[in-house]
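Take a look at the structures below.
Each of the next two complexes has chain A plus one more chain, namely chain B in the first and chain C in the second.
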Partner chain A sequence: MQHRTWHRLGLTLAAVAVLFAVAQAQEPYRVGLSAALTGRGAETYAPVSEAIRLYVARLNARGGIHGHPVELLVEDNVAEPSRAAAHAKKFVSQDGVLLMLNASLSSTYPPMIHEAKRAGVPLFFAGSVCPREVYPPADPLLFCSTAFAARYDSEFALDFIKETAAGPVKLALVSMSIPISRGEVDYAEQLAPSRGIEPVSNQSIPPPTPNYAPFAAKIKAAGATWVYAWAPWVTQVKTFEALRQLGWQGKFLAYAHINAEEELARLQDEHFYVFGANAFFSHNLPVHQEILQAAAQGTMHPPTQLAEGWVAGMVLEAVLAGVSWPPTPAKVLAAMNRVRVDTRGLRGGPLEWTPTNHFRTTHYYRVYRWDRRQQGAVLAKDWTAVAIK
Partner chain B sequence: MQLVVNTLVLAATYALIACGYVLVYRVSRVLNLAHGELMMLGGYLLLTTASLFAGRPLLAVAVALLLSLGLGLLVYVVLMRHFTGESVLAAVLVTIALGILLRGLAILLWTAQLQYPLVALGWQNPALSLGGGAVISAAGLLTLAAVAVVYGGLLLFLRYTPWGIRMRAAGENPLLAAQRGVALPQVLALAWGLATLSGGLAGMLLACDSGIDGTAVIVGLKAFPVALVGGLDSLSGALVGALLVAAAEVLAIAYLDPLVSDVVPFFVLLAMLLLRPWGLFGRREAFERV
Partner chain C sequence: MAYASGYFKTSYGAELALVETRLQWAALAALGLGLGLFPLLASPFALDLANQVLLAVIGAVALMLLTGYAGQISLGHAGLLAAGAFTTGILAEEAGAPFWLTVPASGAVGAVLGLVFGLPSLRLKGLYLAVSTLALHFIVAFLGSEYETRHGFSTGILLDSPRLGPVVLDDARLWYGLLLAVAAAVFLFSRNLLRTRTGRAWIALRDRDVVAAALGIPVAAAKLSAFVVSSVLTALAGCLFAYYRGFVSIEAFSLFTTIEYVAMLIIGGLGSLLGAVLGAVFVVTFPYLIDLAVDLLPVPARLSTYVFAVKYAAFGLIMLLFLLLEPEGLLGIWRRVRDYFVLWPFRYRPLAGRS
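Here is the complex of A and B:
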């Protein structure tokens, strides 16, 4: 009788242990993403969010990290600060996330930063423009993997224009009338004379504008031979098309947002250059194949627009892989401060964060343009490394 | 010369959109604040029909136009009909809700990406020289032609056809019109249909000229001051208002700061509200009735 009781007790304890182990294994690494899935900027941020979702799903299908799945909580902030604030509060106080991600307009940053600092939870800008606080000396809690980088972008762009132009350059600058875009283009305007470039026009175009011809006419009348645009894609491409409609024959350098590859194919203009930090799918790297396979599982977005979010997914995996179980925000923060991600060709080199540099130690640029003979996008300038100090 | 062309094309876009605001207001006294979204849907409908009827662009355009007309009728039958005789404010609030719903639906169905119906139609948008160094895009020229056809057609329709006369009567005095046998629901449905058709056409032309995305709604909103400046119950007023606002906007870009252009329509509107609240061609009685 006594033997039977012990036997039952043993079995019960074993069952409880198994259940506990199973429950432990099911316990996820929980991260919260507040993204502009709709509203202003959604054309950029929704594909980023989608790529992170696909990456995490693929990661979980392979067994997750240290045997634990990654739970990605996605909320649509409609690019509104009040919603981002509500999401950050929910993530931190209700969901108990280890890490928050933001893929939205810069107006949503302050409330999320405030909440991150209050709760001591790291905030990772994935696909949204990197705030100044991630550059050295970095804020302890803020990190960024986004390809575009204010200041560095314009410095590289002006160097490229000077290098590519055969003679003197009369430069027109184009921004969207939002603070981040205007600030960058104004910086480029100040910088241009130091590169021997003459700025002749600076157009800040309101979003959205039904007709870009009046702005283009002003640029053409100013006698610009080159145009440099650092703005959301719609402003860049519509200004360029309006300029061509007016018979302008100059060269145009725009930032390569996530839809740049398809757009080069649509425009088929050899003098429309795009520069950025993500490799085009035309290179057909193994990592591109992985993205295409993940996208084939079902997404509304063109696979060529998923690279930016895929890089964020790679960073997320690398960070969580450096966190032992049970995870805490403090452990995640420590892992973020020493992360080094092999981007496998999606970028020009590894993405590395240090305790003082939460942007990356080296940033890489590439320039593409359309080639009529090859009927495809070709490199106008291969990876160029820029040290971030 | 280019300045004139730019002004005319912008004015034509505004006039086409404003026409919808005026039609609905004139007949039902409702400010349709979902008109920007209905205009945007016109562009998206063209995108869809262009893909569905690949290789048959004219059919795609015709079907998109019919769908726009049908959408306007549907909005009235399903939604606005229930607010006939109710407070105008309630109806306006419903149009705001409708706008939010349509914006969400557009993103769900077509994503937030900038898309190009012209590519799907297999058409080009070449620049056409007008002499004197001025050029106009084919889509711009079509927009000008569309304004002539839509406004000319509407003026004839309202003046000479039985349905047009009924529509004017319903706008003038709905109770009396109903007592004289005018079927108000049909007239109102037709007004909503035609308004959405003209807005949809503007959306299609805009999409052909420079692509379509969710921000097209704001273009629709910018045309609202045009309708107010012209006088909300006057089609001719909408034409003049469009010219005035577009000229102010283009001149601001050319001679002031491009940033000013964004607020110029609202400056013109403010000035008009201070000087003549019922608009250039609007009627004081109609304004006071509201």
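Here is the complex of A and C:
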């Protein structure tokens, strides 16, 4: 009788241990993503969120991280600060996330930064413009993998314009009238004379603009031979199209947002250049094939728009791989401070964060334009490395 | 228990009383108890949502005074909220000003803006007045954007949690208490203001300004006072928003914010403070309720992107249906529900029944 009791007790304990182990293995690495899936900016940020979701699904299908799945909580902030704030509060206070991700307009940054600092949870800008706080010396809690790089972008863009232009350059600058875009373009305006470029017009265009012709007319009237735009895609491309409708014959350099590859094909204008940090799908790299396969599982976005989010997924995987179980935000933060990700050709080189540099130690740019003879996007300038100090 | 008929008032005290019957007192006590217990029982997310509602209530009541009672259409509401928030942000950032200084300063800036942008109301009405108040939004947006750009706050000004004596307001429950107290104070202030000479003058203005002038009401002063009072309260809401959210950014005060506040008045029921409260609750919580409803549905992950797009459209569609099917707003629904119970077994209120 006594023997049977011990036997039962042993079996019960073993069953409890197995259940506990199973439950532990099913405990996820939980991260929260607040993204502009609808509303203003959704055309840029929804594909980023989708790519991260696809990447995480693929990661979990491979067994997750250290045997634990990654749970991605996605919320739509509609690019509204109040909703982003509510999500951030929910993520840290209710869901207990290890890390927050932002893929939205800059209007949603302050409330998420505030909440991240209050709770000591790292905030990763994955597909949204990198705030300057991630540059050296970086804010301890803020990180960014996005291709955009305020200041560095304009420095590279002006150098490119100078070396591409045959003669003197009269430059017009275009921004959207939101602080982050205006600040960058104002910086480029100040910088231009040091590159021997004459700024002749600076147009800051309000977000709900139905007609870009008045701004384009001012640029044309100022005699601009080049235009440099650093703004959301709609502002860049609508200004360019308005200029062409007015008969302007100059060259236009815009930031290569995620839809740049299809847009070059739509515009088919050899003097419309785009610069950025992500390789176009026309290079058909193995990683591009992976993205296409993942997209084939079902997404409403063109696969060519998924590279930015895929890079963020790669970074997320690399970070969590460096976090032992049980995870904490502090462990995640420590892992983020020493992460190095092989981007496998999606970028010009690896993406590396250090304790003082949460942007990347080296940033790589490429410039593309449309080529009529090849009927496709071609390189106007191959990878150019810029050291971030 | 009988509902107060409103016909028989036997003393001035009864005439002035805001709460008339024991049933109303009981309902008020139950509401107070519910509001008091809420922060103890609610999740952090629900508490944050409640705080958002309370902030919206302050702004909606302020706009209701101007538009719903004084009849002055304003599309500058987001501009006034931004003015209050930026006054707070700039004073805190540049001068390290404490809470007790930024709050009255925000109110003062609101008063000045209300006075200046109320002046066109002396000559303009209707759509023309609406467009003139829109100028306020764009001017404040321009100034705020300039400040952020010139001072390098490209992602907004971050604010530390305010300190009230020894208490640091860094907890959602503390904020709930403060915002509930302020919202209740604003509601009571507005309710009483509407029973004064000033409030009655506003209502007369709204109904017919020519008749109001003929009755001896100083129309210009009444219009300006409506703008000033509403603007002060709105700027205070902006100040509290800045502190609660811990940041100030012009991108948080888009024209869509103004539209949301106008929607609160229309959905809640124009010309009623209770309508402003109900509208604020509805407009703030409705998107989250849609989120919740959709989350409860078993949607495959691969369709999740479509679901977000559908949710966005559903919000607009339901708002439209609401406006078409219930033009009296939530207040109309509230009145019908209340009357059903109060009048049972009868269906209609007697002649000249109070609402």
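Quick note on the criterion: the second predicted complex is superposed on the first by the 389 of 389 C-alpha atoms of A that agree within 3 Å, B and C clash if a C-alpha of one lies under 4 Å from a C-alpha of the other, contacts with A are read in each partner's own complex, and residues count from 1 in each chain.
In the analysis below, a residue touches a chain if its C-beta (ideal position, glycine included) is under 8 Å from a C-beta of that chain, and two chains touch if they have at least 3 such contacts.
Keep in mind the model is a prediction, meaning the values are calculated, not measured.
Undergrad: Once chain A from each complex is brought into register, does chain C clash with chain B or fit beside it?
TA: clash
Undergrad: Could you tell me if A:Val234 is touching chain B, chain C, both of them or neither one (first, second, both, neither)?
TA: A:Val234 contacts chain B only, not chain C.
Undergrad: Figure out whether A:Gly63 sits in contact with chain B (first) or chain C (second), or with both, or with neither.
TA: Neither chain B nor chain C is touched by A:Gly63.
Undergrad: Where does A:Gly223 make contact in the superposed view: on chain B (first), on chain C (second), on both, or on neither?
TA: In the superposed model, A:Gly223 contacts neither chain B nor chain C.
Undergrad: Looking at A:Pro210 after the superposition, I want to know if it touches chain B, chain C, both of them or none. Which is it: first, second, both, neither?
TA: First partner only.
Undergrad: Please tell me which partner, chain B or chain C, touches more residues of chain A.
TA: C
Undergrad: A:Gly196 contacts which: chain B (first), chain C (second), both, neither?
TA: After superposing on A, A:Gly196 lies clear of both chain B and chain C.
Undergrad: In the superposed arrangement, does A:Ala46 touch chain B (first), chain C (second), both or neither?
TA: both
Undergrad: In the superposed arrangement, which partner chain does A:Pro355 touch: chain B (first), chain C (second), both, or neither?
TA: neither
Undergrad: Touch check for A:Arg83: first (chain B), second (chain C), both, or neither?
TA: Only chain C is touched by A:Arg83; chain B is not.
Undergrad: Using the touch definition from the top, say if A:Arg266 reaches chain B (first), chain C (second), both or neither.
TA: The first partner, chain B, only.
Undergrad: Once the structures are lined up on chain A, find the stretch of chain B hitting chain C; candidates are 56-64, 92-100 or 218-226.
TA: In the superposed model, chain B runs into chain C at 92-100.
Undergrad: Quick check on the output: what are the common chain A residues between the chain B footprint and the chain C footprint?
TA: Residues common to the chain A contacts of chain C and of chain B are 37-39, 46, 177, 208, 300-301, listed in rising order.
Undergrad: Per the contact definition, I'd like the list of chain A residues that touch chain C in the complex.
TA: Touching chain C: residues 37-39, 46, 49-50, 53, 57, 74-76, 78, 80-83, 85-86, 89-90, 93-94, 105-107, 109-111, 113-115, 117-118, 131-133, 150, 177-180, 182-183, 186, 208, 297-301 of chain A.
Undergrad: So in the complex, the part of chain C that touches chain A is made up of which residues?
TA: Those in contact with chain A are residues 43-45, 48-49, 52, 145, 148-149, 152-158, 170, 172, 245-252, 255-256, 287-288, 291, 301-306, 308-309, 311-312.
Undergrad: Can you list the residues on chain A that touch chain B in the complex?
TA: Within the complex, chain A contacts chain B at residues 37-40, 42-43, 46, 177, 203-215, 217-218, 233-234, 237-238, 241-242, 244-247, 259, 266, 300-302, 305.
Undergrad: So in the complex, the part of chain B that touches chain A is made up of which residues?
TA: 2-3, 5-6, 9-10, 13-14, 103-104, 107, 111-114, 116, 119, 125, 127, 135, 137, 140, 206, 209-211, 213-216, 218-219, 222, 249-250, 253-254, 257-259, 261-262
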